[in-house]
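In what follows, structures are represented as structure tokens.
Look at the two complexes coming up: chain A is in both, with chain B in one and chain C in the other.
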Partner chain A sequence: MSHDSDGPRVLKHPLSSRLFHWGLILGFLPAALTGFVLWLKPGSDGFVNLAMRIHIGAAAIFTLSAVLYTLLCLDRVVAFVRRIFSYDDRDVGWLLVGGGYPQKMFLGRKIPVPPMGKLNSGQKMMGVAMLFGGIVLTATGWILYAFIPLAPKAFIYWADQLHLVVGIVLGLSLFMHIFLGIYNWGEFKAMFGDGTQPLAEAEDHNPAWVAREIEPVQKAAGGRQLPA
Partner chain B sequence: MQGLRPQELAEIIAIDRKKCKGCDACKAFCPTDAVTGKYGAVHRVDGERCLFCGQCLVNCPFGAPQDTVDIVDKVIARLKDGRTTVVAAIAPAVRVAVGEEFGLEPGALVTGQLLGALQTAGFKILDTNFAADLCIMEEGSELITKIRHYALGEAAGHAPGPLPQFTSCCPAWVRYAELYCPQLLPHMSSAKSPLMMAGALAKTYGATEVWRTNPENVFVVGVMPCTAKKFEASRPEFASAAAYWHKRGSAGSYPDVDVVLTTRDLARLLKKLNINLTAAAEFSDADNPLARYSGAGTIFGNTGGVMEAALRTAHFVITGQELAALELNPVRGLKGVKAAGVTLRDAKTGREITVKVAVVHGIKENLGPIVDEVVAGRSPYHFIEVMNCPGGCVNGGGQPINPMGTSWLDKYKAILPWS
Partner chain C sequence: MATYDYVEKAIKITRREFLGVVGVGAAILWTGAYAATDLVQDRTKYIKLRAAGLYRDDAKAAARQSHNNAAVGEMYKKFAGKPLSPLAEELFHTRYVDRSKLGGMRS
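Presenting the complex of A and B:
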């Protein structure tokens, strides 16, 4: 925890996670957008071909980011997996009211929601989808790119169907993720800034995390943020 | 369409744009770069360049290329009209493949059940193997004439075509030569393919001597492992039976082969007629001479088969003796280009000659150097067998599509360099 004019701040996204997120922005986002182009094939041959080239390049960035993050930051991957598979009664309550978002967005009023940890129930479910979906998309994508000459036709056919369905689901989820990321502006600034968020904001969104997991840290001599 | 005559079928193979993923798999197998469309975009088949071989069709994992010539219902109508003698001319490669469509193991030989099922459906039988035997007699005799003329210095009654002689039974190869290397056409054997011989035979000898009917009532259905045979049957020059009967005062006009069913089409036809191939009664028309054949006709469906049959004939005619062992292993197997030399002693002169032959299958990968040698006048061969499809007719574009099969001969090498 550090302090500035907004009061104390908490480190929510360390540098490694923010770099990985940039890998996803440069990899998964263009791959998803071009994936829709490849599915619907609008426009000229040249346009669709360009989309295919971008799709493959972006897939390479996404794959490399995921592999490097897993190898170099295995502790964070393990922590992430633990979080996205931790559910209790609070998640049921949170999901029943949609995290209070519909009321906030459409009725302009805030309702009480069960306290969440670092990830809320929706984020955890999105995390599960991203984890498995990302693995499926990566594996099937590279099979379709490189192994059509080797694999049985039925295997390739079903790899393509899986790639398509998972890609559509995750692609549409991505738009929701971007929307909610911008809607929760503090979260957006944390991910694209220095990774910190005002404590008050974290207490509002992630009270269980603030209460149980974060602890004060000392500032280094140069004012550098020390990790939690 | 330019380059195709009015009677000829065009666009036998077309790509379903809803199924095409633009993966380029079809391009990897198209021998003439007839498939257009950039990677990722919907592909199309250029009918002007296409050989109609169907290799794109059998190798596409998504089933996008389609055989657009569907005459199953037309054949069923002929079978049921009570007036038509519907003759099935069955290719050798069909009998080892059609069982797959009825749940049998790939390669299961079902000659008896197949002919029995066709008989149950109402077909008369003309085994194309019989015509393949005729074909090899013609093609082999032509080769022997050329060898005697050019290599042994014997006078020929007419000007034989140049050596090397190319086989002419594969319709995709013939179209390839016409479109892409017409300078080779004089080298082609003048023998028609077994199917076209079968068609003419059915409407002449078969009509009058076997089925005792008016040739115009005979409807010949080629049952082939090949989509290009649909094109071949539509070529206007294949109307020999009608020409034969014209000379004898008949005025009818009809093709030698009316339609072609692929192996897949045949399976659909039998299923529509509720005929289970695996439970069909064995063929019982043993006194039909057109249903008999030799082992030479049978091996036509494999790469090297035509060559092996031709060499057996050449051996017998030149040496006056049968081959001691009816197996010529150098022309067997799946190597892309197989070459062999067979030394024969001419029974007439006592001179020895080594007949040099080559067998090519898979035009896309293997034909180029062989053609270049012939065009440059440097070819060492007397006889060259060419089959468009890798492996020969058994891997033709009309065969059952095994969903767990890859049929990607040699294609893996680009990815696995150690293979």
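Presenting the complex of A and C:
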């Protein structure tokens, strides 16, 4: 991929984060889709049975991805948690204008929005929901998988209800995430490409991140890039 | 290999944050493991108590086989006709449910 025409680039999503994102695509996405099948039961028993088997396999991939990412990339997890719990006046301003997205999508004009860091206010709120919702879904899911014959019926009933409600909320959020991820095409290319983005594009979307949280890459003698 | 000119500054995790993450993780795992083993122990205890109660009732019973049980005989005589009669089949016999079909059970 030629980068020269775009000017300087910034590594936005390191390999570990991109691999974890693939873990979510192979784990959370099929689990969410089959979760809706298990809830609505739109087909035969055989079809629902197949959906349940895929649901369990995808849940295993999702759980393994999350555990490995937390253990092996704790710094990325800490950075994510710090970001999703950092709110100030700019977030209020951003939320009041919907990040400028309705104006851009429906009226075709770009309005000024408060400068955001690596995550905008909507992404931070989605991050909080994903963090807690993901933990709740994982815990209740494995409880439903392994402990139905052992646990009290009322406990299993509420674990099932919680799994359903959180699953619906996060499942619908996922569709919004996919839509906005494709709408912001540069972000899509960064996450599914080599993780880099033109600096000018990052300055436009994430000015506070570019201003405070990035630094030039150290180059070795001869211009060779040192690994980040 | 990706080429880029800028990279995110390294994340420094304070000792407090590290201990916080490890502590919360350990607490969740320990609580989960404790709850799971507690459930299994309780279940095993109740199964043993139930089995002991059934054996005790059996030891006390005068008639230990259903075909020698006067109450069962009386029930067939007055109500269900004879063993395996259509009414007995309908009332006392269960139907096969294929429980290997995950998620297919309709409420």
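Throughout what follows, the second predicted complex is superposed on the first by the 214 of 228 C-alpha atoms of A that agree within 3 Å, B and C clash if a C-alpha of one lies under 4 Å from a C-alpha of the other, contacts with A are read in each partner's own complex, and residues count from 1 in each chain.
Keep in mind that, in the parts below, a residue touches a chain if its C-beta (ideal position, glycine included) is under 8 Å from a C-beta of that chain, and two chains touch if they have at least 3 such contacts.
Everything numeric in this text was worked out from a predicted model, so none of it was measured.
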(request) Put chain B and chain C onto chain A via the superposition and say whether they clash or fit. (result) clash
(request) With the two complexes superposed on chain A, say which partner A:T138 touches: chain B (first), chain C (second), both, or neither. (result) neither
(request) Mind working out whether A:I148 is in touch with chain B, chain C, both or neither, as first, second, both or neither? (result) first
(message) Per the contact definition in the header, classify A:S16: touching chain B only (first), chain C only (second), both, or neither.
(response) neither
(request) Would you sort A:D160 into first (chain B), second (chain C), both or neither based on which partner it touches? (result) first
(message) Looking only at contacts as defined up top, I'd like to know whether chain B or chain C touches more of chain A.
(response) C
(message) Contact-wise, after the overlay, does A:Q103 reach chain B, chain C, both or neither (first, second, both, neither)?
(response) neither
(request) For A:L74, select first, second, both or neither according to whether it touches chain B, chain C, the two together, or no partner. (result) second
(request) Between 182-190, 218-226, 290-298 or 362-370, work out which stretch of chain B sticks into chain C after superposition. (result) 182-190
(message) By the touch definition above, which chain A residues appear in both interfaces, chain B in one complex and chain C in the other?
(response) 38, 41, 45-46, 48-49, 51-53, 55, 147, 149-151
(request) Could you pull out which chain A residues touch chain C in their complex? (result) 3, 8-12, 14, 38, 41, 45-46, 48-49, 51-53, 55-56, 70, 74-79, 118, 139, 147, 149-151, 194-196, 199, 210, 213-217, 225, 228
(request) Write out the stretch or stretches of chain B touching chain A in their complex. (result) 21-23, 25, 28, 37-42, 59-63, 401-406, 408, 411-412, 414-416
(message) Quick check: in the complex, which residue numbers of chain A touch chain B?
(response) 38, 41, 44-46, 48-49, 51-53, 55, 144, 146-157, 160
(message) Which residues of chain C touch chain A once you look at their complex with the stated criterion?
(response) 1-11, 13, 17-18, 21, 25, 32, 36, 39-40, 43, 101-104, 106
